[in-house]
Amino acid sequence: KIGIILGFTGPIESLAPVMAKSAEMAIDEVNKSGNFTHGKIDSVRGDSTCVDAAAAQAAAERLITAEKVNAIMGADCSGVTTAVLKNVAMPNGIVMISPSATSPALSTEPDNGLFFRTAPSDARQGEVIADLLMEKGFKTAALSHTNNDYGKGLAASIQKNFTSKGGKITITASHEDGKADYSAEVAALAQAGGDILIVAGYLDQGGKGIIQASLDADAFNKFFLPDGMIGDSLPKAIGPDLNGSIGSVPGTDSPGAAKYSELAKAAGFESGPYGPESYDAAALIMLAMEKSKSTKSNVFKASVMDVANAPGEKIFPGELGKALKLIKAGKEIDYVGATALELVGAGESSGSFAEILINNQKTNKVGYR
Amino acid sequence: MTNASRIKIFYILMTITLLFVGFFQSWNVALTIFNLCLISSIMTLGINIQWGNAGIVNFGVMGFAALGGLANIIISMPPTQNAWEAGGEIIIVGLMIFTLAIIFSIILFKKSNLNKRIKYLISFAFIISAYFIMRHLVDTPIEKIEAIEPAKTGYLGGFNLPVLLSWPVGALLAAFSAFIIGKISLGLRSDYLAIATLGISEIIIYFLKNEDWLSRGVKNVNGLPRPVPYEIELQSKEWVLKVSNYLDTPITELSSIIVKLSYSLLFCAVLLIVLFLLEVAVKSPWGRMMRAIRDNEVSANAMGKNIKQRHLQVFIIGSAIVGLAGAMLTTLDGQFTPVSYQPLRYTFLIWIMVIVGGSGNNFGSIIGGFLIWFFWVQSEPLGLWFISQITAHISDTNIIKSHLLENAAHIRLMFMGMILLITLRFAPKGLIPEVKR
Amino acid sequence: MYLLSGEKITCGYGAVDIVINCNIGVYKGKISSVVGPNGAGKSTAMKALFGLLPINHGKVVFDGKDITDLPPQQRVLRGMGFVPQTNNIFPSLTVQENLEMGAFIDQSNIKKMLEYVYDLFPILNDKKNQNAGELSGGQRQQVAVGRALMTKPKLLMLDEPSAGVSPIIMDGLFTKIKEIADQGTAVLMVEQNAKQALKISDLGFVLSQGKNLFTDSGSSLLANKEVRQAFLGG
Amino acid sequence: MDFLNGITLIANYIIIPGLTYGSQLALGALGITIIYSVLRFSNFAHGEFMSFGAMSAILLSWLFISLGITLHPIPTAIMVLPIAIVLTISYCLIVDKFIFKFYRKQNSKSVINLIVSIGVMFFTGGLIRFIIGPGDRNFFDGERFILKARTFKNITGLNEGLTLKTTQGITIILSLLLVILLFWFLNKTKTGKSMRAYSDNKELALLSGINPEKVVLITWIITGTLACVAGTLYGLDKSYKPFTYLHLVLPIFSAAIVGGVGNPVGAIIGGFVIAFSELIITFAYKKIFFYFLPINLVPEGLSQILSTDYKIAISFLILVLVLLIKPTGIYKGKVI
Amino acid sequence: MLGIKNLYKSFGGIRAINNITLEIEKSSITALIGPNGAGKTTLFNIINGSIKPDYGTVKLNEIDITGYEPHQLFNLGILRTFQIAHEFSSLTVKDNLMMVPPNQTGESILQTWFSPKKIKSEEQHIAKKANEVMDFLQLKHLSNEYAGNLSGGQKKLLELGRTMMVNPKIVLLDEVGAGVNRTLLNTIGDAILRLNKEFDYTFCMIEHDIEFISRLCDPVIVMAEGSILMTDEISKVKENDKVIEVYLGKN
């Protein structure tokens, strides 16, 4: 049994459903294949609320001790993730794989080897973004970030890298998600100016509001979109004005992402931010269980890195059945998944990034690094 | 039904419910809920002494709770290497200059008999220039401090003292800010006061969110020390193993239970002390005077009671209790996350507890805290269960069913709303109303 | 036959009965006064007669019809007007708007009625654009009575109309009440200025501890030594 | 030229957004003020009522678009607004009948009503997400701009552009219209006066023959209309997402109180004060100085008074300041 | 004892108090009469500190007390009742009275925790006093009733009762008589006289009941339109043409 702890209510309530569905899609896939040794896998959802540590812990406690889940896909926001990890998962010895907690601090938290994440830490992405910007010839940039640990961490990392490479951040202005109006932020950003506006936020939250308002006021016409902003819904919502903007998203030159999108369409939903990561997180849990022939967290935690990384046969979304068969046959696998997953260090995504160009109101991957 | 029997019935019911959770979900869940219930009850007591007894509407719960939480950092975290050398003192000096300017303006307003407009002008000019002087002084040290390993520290850190000390300190911090907030806003009438306190507490939260040098801002402070042992440590203890064998429970579960129980004991002790002190005060002439002030300020004033001072006093006491509970909550969470201080979760939820429990009755407040927190947590599984029940006989491919299941999490909000509305419908004065004295 | 009568009414707040088995009534075009000590239940009886309180026993008859269960605003439509003892003005409406509210149902002749009230209470004319909440106690009382007069009711019920008004206004008030009655409007009032009230009353009721102790014509009550001693202040 | 550029800059980044955001706040604050002044409680559910209105408009416009009935260049949502208003009003009335009415009969304290309204807020919020989901919806389908920045630049030859969005235009005009109507209604009509009378003294209103049911009905009709219009316009201008409406209610309250609760004009003023102060205090004046000052006097930095981090705190700061200096709000509000 | 000098107060455009100078003698029972809106209540409000005058001074025993807060004035011995009753509606009648005495030990929150014994004995003492007052005002049977549930006249009595809970220097009574039964009012009149004679209370009362005033008061101050019309003993006042014209009427 796998628990899915995400913020179904609260600030990221609009992202959570796609993430949950992606994870459930992976579980479904495994169940349908019938190749999982330990029988049918159930999933239960729990609400992390994203912000309320107490409620998130209560939910996790319920999932682990009452629903008796064997592992947790989650949580989402770094704050509640840390709380759940420290106070619930670790005492109970339950593996947690977070699809979206990107705070660098989590890399160094002691975790008894129970914590993994399929999203890369912000530190790495900052480097990539700075490189990309310099290459494309943007010397000055304004930066707006969502005011939480993700946004602030990423912003700091971008600023550090960009400045050290000779660029200039004209202004760093935070924005609060879910607020009424962003004209003040845009006004400040516009006055500071810059060749491009980096929006380190979420694509259906304040990030989108900032872009919309900037375009409306004709403050910026080029945007840089980090991972939280990548998804087809954004160009669709904003329209042709966004064409020509660039971005970055975890991933390598692998067909995984496309396959994931197809699968999602077939299952009746659109891919969204952290959807691929969620799929991968759930898949990893199940593959590791198979590999170590145990559903006990304390046992299979050792196999997570093993199935995620080379050597072995590459596994893409939609091939979980095959992967299970291979494992059963005693073969090595290398789970690539939707995000070209590679776990490094204390169990976090290595951070290969794809370069995004918005064209024809679609996000297109045009390069990798 | 008399109040005494109401109290008995509801307390027994609540106990049974929690035991029920223990047996049918798990003891860990029951204890998690119980601990938060205790903390909520303490907060509720703080608000109740203000609203129920003195008629002060304090919607600043989240601000005071956050200040209590901040105390955890200041007291218990280790100081950050080099941070103080980087200019910690200068920041303090800068803040003092600003504070002095404000105090000066206040004195100017109180003591001088200049024209009002001139007073406004002078103090405005004074505060603004003090603001810029402060900015000039503190900007560089702040930058420096925040640059010290920003991913891990980047703040001043604390004093590395025992974490339990942060509870009284949290109460003091809250009391101190309540003093200032009270001075500013207590003259306002109820609805205005509600929004003003809410507004000021939002300002506090924004301060904590954005002043990284103090609290790491939205980057959160993790790994606060605990007053109780860690589960992992317990799991390797001899006696725990023995008990585990004896009770035939897995050691992981048992260790969690032990930790939670120790928290429960601590919290219970605090709750009982606070409750006792408040009950004594409320039953004495002090309580009578407070209620008189609540009923009619003009006439209480004419009867020689110093309304402003009394309001301020009770505002400080209540807020300190909220701060205390806030500090306890942060200790329990083991981390300080400023973004989590949202009006919905703190201000509104706590107020619902007070009103549902019965304003003006401390025992009611406690039961309100228990009941509402219980449902706040359990409405989630209840909601899911409810939806799966009503959709049980619809075929899996039906759009309506999938739509319902998909949005089942939101039934939680509806459930909360309904519980509140239903309780207030059948007990408009709360479950345990104010007693006639 | 009474225009309005409460027959054996018993009522109260919650469990306790405050008014017990009282008979109170007023004839068309005549004045009835209810007098009695504080807390006797006079105001309670008035509220009950107007439907602001549920009646536990007994019935209320107006114009020959049983109106025991009629809601108050319906009674207003049938021609009853009432000035409560407390909270009898709209504090944040101006004086003139307060008076206009009196004529809410029947807007005809509103000008004439306003003039009539301003003539009776000249000070209100000076204050017509001031919020009623800012008036002095006596001025408020005048607004309250004025508002009720504006409704041109068949029956006017007044709960202590003279409380707090100056002697000269009080004289005018009683004269006007008499005048109104002579023009055909029945008046039922509660008064602590009992002597003056009974002087112009056709009927008087003495209430004490919720019970109807005496019912007689105004003049004979005034003449009754026992009543004078116990209730009218000698 | 510099002067004109400067003016355009101010207009584009401060005046027009301020007017729009201000009107949006003002429309919301009006709804809150009406409930407060007639039914005497602070209605925290108002944000969700706005959300409900916007949701109705969205669902209806989807229906109409699927039927092929549109009115380009007017957004479909505006076309269906009357029906959406009726839906919102019905919802308000249902809520009142089953919930608020009870407490009115009980003569509950205003804080009880406030808490009840929080219950309604929870419930309505859940219901809305249940119906339409928590996601973000764009439903603007008309002509987006009245004046585009680039067009403006081309016509005038200035460096700075000026944008005027259709939604901004509609919002400003509609708010103005609604306020005038409301003011006239409350002060000049018989029904309006009876509403004020009712709010002053319920029992006496009854004794004057005012039908309380009717007063309440009309109050909710006005509130429902305001909520639906405000919610829809807001959603059109930004985009519709249930979560934002929950947070909208706080600045709206600040606006209402800054202006003076219970006073319609105050609500409007309050909305603008809040909107403009947020803009003015966090604005970076660098470019303006550049246009208006001789070049050697232009300061180095951004010349921001306060960073946008504190933007939302500003609305509350203004609130506290106003209350300190004028405790009843800019326009004297009602004193209980 | 109480001296008022050149007092002014306006509300917006209305001159409620227009240059008032007067003197209230120690141990006197002074009446303040005048038409509705003359400014009597406003004058009381200024004396007891509820509102601040625009100009002028109020002195108690030669000490300038202008601008003092009501609670300070209470402690200096100035007590008042309200024309429109200001009861504590959710307190019982008894508690309404018991809250009045100043400087109760139990009013300090620290003391409630540390000296419960002392508080208890004090409470007994105050309760006894309250019982006497309630007995006197015929409110005993309502001792445990919420004050909000009293009848109009009973609330007035309660107002008066509160002034009897302490030993004030001067009591300002704002129309205690309005709405009070005349038989009871006579008793109250006797009580006022007794308090005045035996305990040396000073009274200043606003009243519209001339009979009542005639029995108790000397001197009588007549106000009209914010100013003092005359000050004299009641028989002279009754005969004054101007007073008859604006206030008393022909009867």
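Letters are used for the chains, namely A, B, C, D and E, taken in the order the chains are written, and counting of residues starts over at 1 for each.
In this section, a contact is a pair of C-beta atoms (placed from the backbone, for glycine too) under 8 Å apart; a residue touches a chain by one contact, two chains touch by 3 or more.
Every value quoted in this text rests on a predicted model; they were computed, and no experiment measured them.
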- To get from subunit B to subunit C along touching chains, fewest steps? 2
- Which neighbours do subunit C and subunit D have in common? none
- Task: By the contact definition above, name the pair with the higher C-beta contact count: A-D or B-E.
- Result: A-D
- Label of the chain whose CA centroid is most distant from the centroid of subunit C: A
- Intercentroid distance (Cα basis), subunit E paired with subunit B, Å: 45
- How many Å are there between the centre of subunit A and the centre of subunit B, using C-alpha atoms for each centre? 32
- Counting in whole Å, what is the centre-to-centre distance of subunit A and subunit C, each centre being its mean C-alpha position? 76
- Note on the structure: Check: subunit A positions touching at least 2 other chains come out as 9, 13, 16-17, 147, 174
- Find every residue in subunit E that makes contact with two or more other chains and list them. none
- Query: Using the touch rule from the top of the page, what pairs of chains touch, sorted by label?
  - Reply: A-B, A-D, B-D, B-E, C-D, C-E
- Query: Which positions of subunit B touch subunit E when the two form their complex?
  - Reply: 277, 280-281, 284-286, 288-289, 291-292, 294-296, 298-307, 313, 317, 434, 436-437
- Item | For the subunit C and subunit E complex, residues of the former touching the latter | 13, 36-40, 42-44, 85-86, 123, 127, 130, 134-139, 141-142, 160, 163-172, 192-195, 229-234
- Note on the structure: So, in the complex, the side of subunit C touching subunit D is made of residues 50, 52, 72-73, 76-77, 81-82, 84, 87-93, 97, 100-102, 104-105, 107, 147, 151
- Task: Show which residues of subunit E lie in contact with subunit C when the two form their complex.
- Result: 11, 14, 33-38, 40-42, 83-84, 138, 142, 149-154, 156-157, 175, 178-186, 208, 210, 246-251
- Query: Which bits of subunit A are touching subunit D when the two form their complex?
  - Reply: 9-11, 13-14, 16-17, 147, 170-171, 173-176, 178-181, 183-188, 190-193, 204-205, 208-209, 212-213, 216-219, 233, 237
